[in-house]
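All chains are identified by letter, namely A, B, C and D, in their written order; residue positions are counted from 1 within each chain.
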């Protein structure tokens, strides 16, 4: 089994003599970010794909499997080129992965347009949930807005009277705050958009303190989150104004922030402590194999392989039977790390969302723990725009 | 004076604490070869710089061919017929000798917003360029890369470029500096040929060259012109002897 | 013999590029059409930069800005339902040229490091402007509604047709560029690069010529952007990020600046190198970085110098 | 949102502190720039290396002060090695070659750090004895650590000023900044001086990184975000001038901070609030670039050009 992507130049030479791909091998192209600072996420995703294959005995749907990994470098045009390469050169049956919404918007239509399955395992831009939905597109993650909607609902349930909201100044940042507002109907006293990739938030924290809100909501993914949390704690606000967030604290950033995140609230559809058989197996084996805590990006990618496995099984290895595989995937009949779920008409999961809190476990390690269920079987807000019927 | 080509009035230029040009007045007549001499640091190159338009004077005026050029920059003065050579050789080193002069011809011809036809295949540029190279004795070296020319040849090339712009006045900043005896004599003979045809302002340390070429000489010390006259007048002036030659020999 | 070797290299290169579609079709590997088309599009961007960088000595660290403007000039009309290619591409060239005129008018007052930084600053401003264009996807960018339409046999949805369009533009640009750098105009900007003081002393005012060259390069860069938008069918402000400018610059250096054909090789080799190395290891940048340094230190005339032999450039 | 006095004071302090952070980076870069005429994009990588080394040493020794103190000579050493191995031959090259070679160094260092420490951010925190607050004014607490950054920055500025104006070495550095041929005429071993200056610049970048570690995210590529801003600083200040670096850093720090804090409310008084919501953040992120373009338009050499440079 070959798991690395074949180089184009070598490929070009080989292609002159190579036989067409054997129908007995399932080919999966997995696009994620492997190099650069964001490579940490891609590493978790790739690890989880490999773990899923281990659990499946290196077979998918009973067939041999070949996974071709591609590094999108967080660039939509590179992602698109990788997709073309996987489709046209490797003639893959499935493309999976993709962290970023913009890369997904470039990749997904390319893949589905070529009549191939796109199994997203992270990005869930609203376009793909609504007007651009497609029968060959499935995701094992969520629609971007669902998570902040859950946080909005929780804050509303707590009857917090006024909230100060902050996010980076880009599309996802605005979507996140819009998502909160859909369920949070009390007052937003401040809505601040900071520069994408900003490092220092002291100026904004000073403004925030002066506004003295009851709570703060932020969306700061990756390094931005680490800096914001540290600086929020250093400004002495950690104990004073409760901080709620989405996609800001996760198992990648927790080891870098530690105590500065203590008491942080997040909403999410998955957590390592989710009690179901598939998840416990995934978490335990992941920690055993890779020596660190898995993160939701990984859980979704693990699920992606499992979903493909279920679909190939359902058609008994007949990879040309796309109708059959679509029908099988719509059942979501596999052991997901989040527990059982159903697909909405737009092929986005209808799933639970939980409130998580950063706490210290008995060993002193900081972990995210589920506090309560905010939403049960939550549907995304765009499925009505999707023309697909089934 | 109807015959005055260059008229300088009250020209001053200060660098920090140093007064490099101190209320300079100078007239250069059409056809004249006018040498400016003086010890190092007297402000000769600063004066040339202001004449050429590279330096802007703090006060004073420069009239060239009856027009005030004080506020014009170097390219505009060049197009009005003020050509120059530099103290340190300044050529297009990556181009052939012929290309160097072709560029000068082109600059003089104007109309450089032409994008299609190869400039190297235009006889209108190439022929005058060749002629200018022949004139300075570099005809045989036309296709040699300028950087590979001998030092003396590079100085000649500079003069050829200056001539190719068909100037009314040549500003020469130490044209024989760093040359061997042979080369320097060749250059002096060549410049002597140019005399009368072109007005020349010459800054030079080589007194043989100066006294061979100059119609009149101005002596600069500490940014001031302390004397102007014919070579024999300057040679005989006590002021000059004291201020310049005396100091030079001390 | 240098000239014949150079000509040989050019003819061989051109023939090779022209043969990609039939070979790809024969081997049933249409992907290589996409790959080489993408390389040629970046080659167009690199050649346009070479005009000012290699011949004009203007180290613009913001050339990716035109890539972005060109892409948006296709994407925005397409978003509003205008898919006429002549209009879109014309707009791409005009808008980039206009931006270059403004950027150049300010930047060319400075030189050296200040020039590098100010061109970078302008590109960054445009990058942030792109992010703030919410209607057009902001940071996410947007999908191109459809490839530009030209009518008749020019149907860009046909991969081979699009390929030959890009190849034709590349050849046209190289031809025009080749004429331009040898023309009176080209001689002026090369002279100004070689020795600006001397150029001024013989009567050239370099600013006007440099600005014109800057505008021409910007326009050509914009056209590359329009092609890139059609290639990826997606456009984002990321096209304008400063690292993208660095990449284009590196293509020029790698191939050999001031050679016009060099940047084409540079673009092909850099993109292949990225592809090959990233297949070897996720830590491919630790190999690419030192390769960059070695090329700068030891291969001053770039790869074209190695292929085409001595005297690939003058002036 | 009204702009009250205490908030204005606090934001001014924030701007000053950010400016000091930029200055720590800018000082080394402008020295290397001014003296060796080297455009070093990899300065941000040295900042990153400093942050990582300080974190590692702090963990090993258990002391933040010791960790920073060890990181300085270590980063200096890294700088010296880089100078000798890769950069030495670049001084006589044009800026283009320098930009590209040091761009290559960035790629190299980012991956090297990712290999050694992993791609994910590593843990850093403010040491307990600096983690508190003090009251600037009643009702205006300020993080002690940020105040320490300001003090360190001022101390570095004074030390650099003393080094440059009061010592023999400083005289050589000044001479080198204004006239490269003169300095060899003085009989100074120019290679040694260059290596030393580059090492000094690296140590300053390392100090900036070490100080930044507890506040920012220590991860591969952390240097690039700040690098561009630092270039803006030294171009505004005038390349090669320490004084320019000080002024440029404070100006950029203030413009950036105050722009982020007050641009939106100010705009809202002129245009409609929703429009201000849109334009404010966009303008704030462009503010320093606009500032630089404006400065260069009127003073192409920056505010304080180093003397003797044309």
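Following the convention adopted for this analysis, a residue touches a chain if its C-beta (ideal position, glycine included) is under 8 Å from a C-beta of that chain, and two chains touch if they have at least 3 such contacts.
Predicted model only: the values in this text are computed from it and were never measured.
Chains that touch both chain B and chain C: there are none.
Counting steps between touching chains, the shortest path from chain A to chain C takes 1. When you average the Cα atoms of each chain and compare centres, the chain farthest from chain C turns out to be B. The distance from the centre of chain A to the centre of chain B, with each centre set as the mean of the Cα atoms, comes to 73 Å.
Centre-to-centre spacing of chain A and chain D amounts to 35 Å, using the average Cα coordinate of each chain.
Annotation: 32 Å between the Cα-based centres of chain C and chain D. Spacing of chain B relative to chain D, judged by their CA centroids, is 47 angstrom.
Across the assembly, chain D contributes residues 110-111, 114, 281-282, 285 that each touch 2 or more other chains. The residues of chain A that reach two or more other chains are 35-36, 39, 43, 169, 195-196, listed in rising order. Taken as a contact graph, the chains fit none of the simple arrangements: neither line, ring, star nor complete graph.
Chain pairs recorded as touching, per the definition above, are A-C, A-D, B-C, C-D. Residues of chain A touching chain C in their complex: 4-10, 12, 15-16, 20, 34-36, 39, 42-43, 71, 74-77, 80-81, 84-85, 87-89, 101-102, 105-106, 109-110, 125, 127, 169-172, 174, 195-196. The touching residues of chain D, counted against chain C in their complex, run 33, 39, 86, 89-90, 93-97, 99-101, 103-112, 114-115, 228, 231-232, 235, 239, 278, 281-282, 285-286, 289-290, 292-293, 296-297, 300-302. Interface residues of chain B, counted against chain C in their complex, comprise 52, 54, 73-76, 78-79, 83-84, 86, 90-96, 99, 102-104, 106-108, 111-120, 122, 125, 145, 161-162, 164-165.
Contacts from chain C toward chain A in the complex involve residues 27-32, 34-35, 38, 128, 131-132, 134, 137-143, 228, 231-234, 236, 238-239, 272, 275-276, 278-280, 282-285. The touching residues of chain C, when paired with chain D in their complex, are 53, 59, 61, 106, 109-114, 116-118, 120-122, 124-125, 128-129, 131-132, 134, 242, 246, 249-250, 253, 257, 283-286, 288-293, 296-297.
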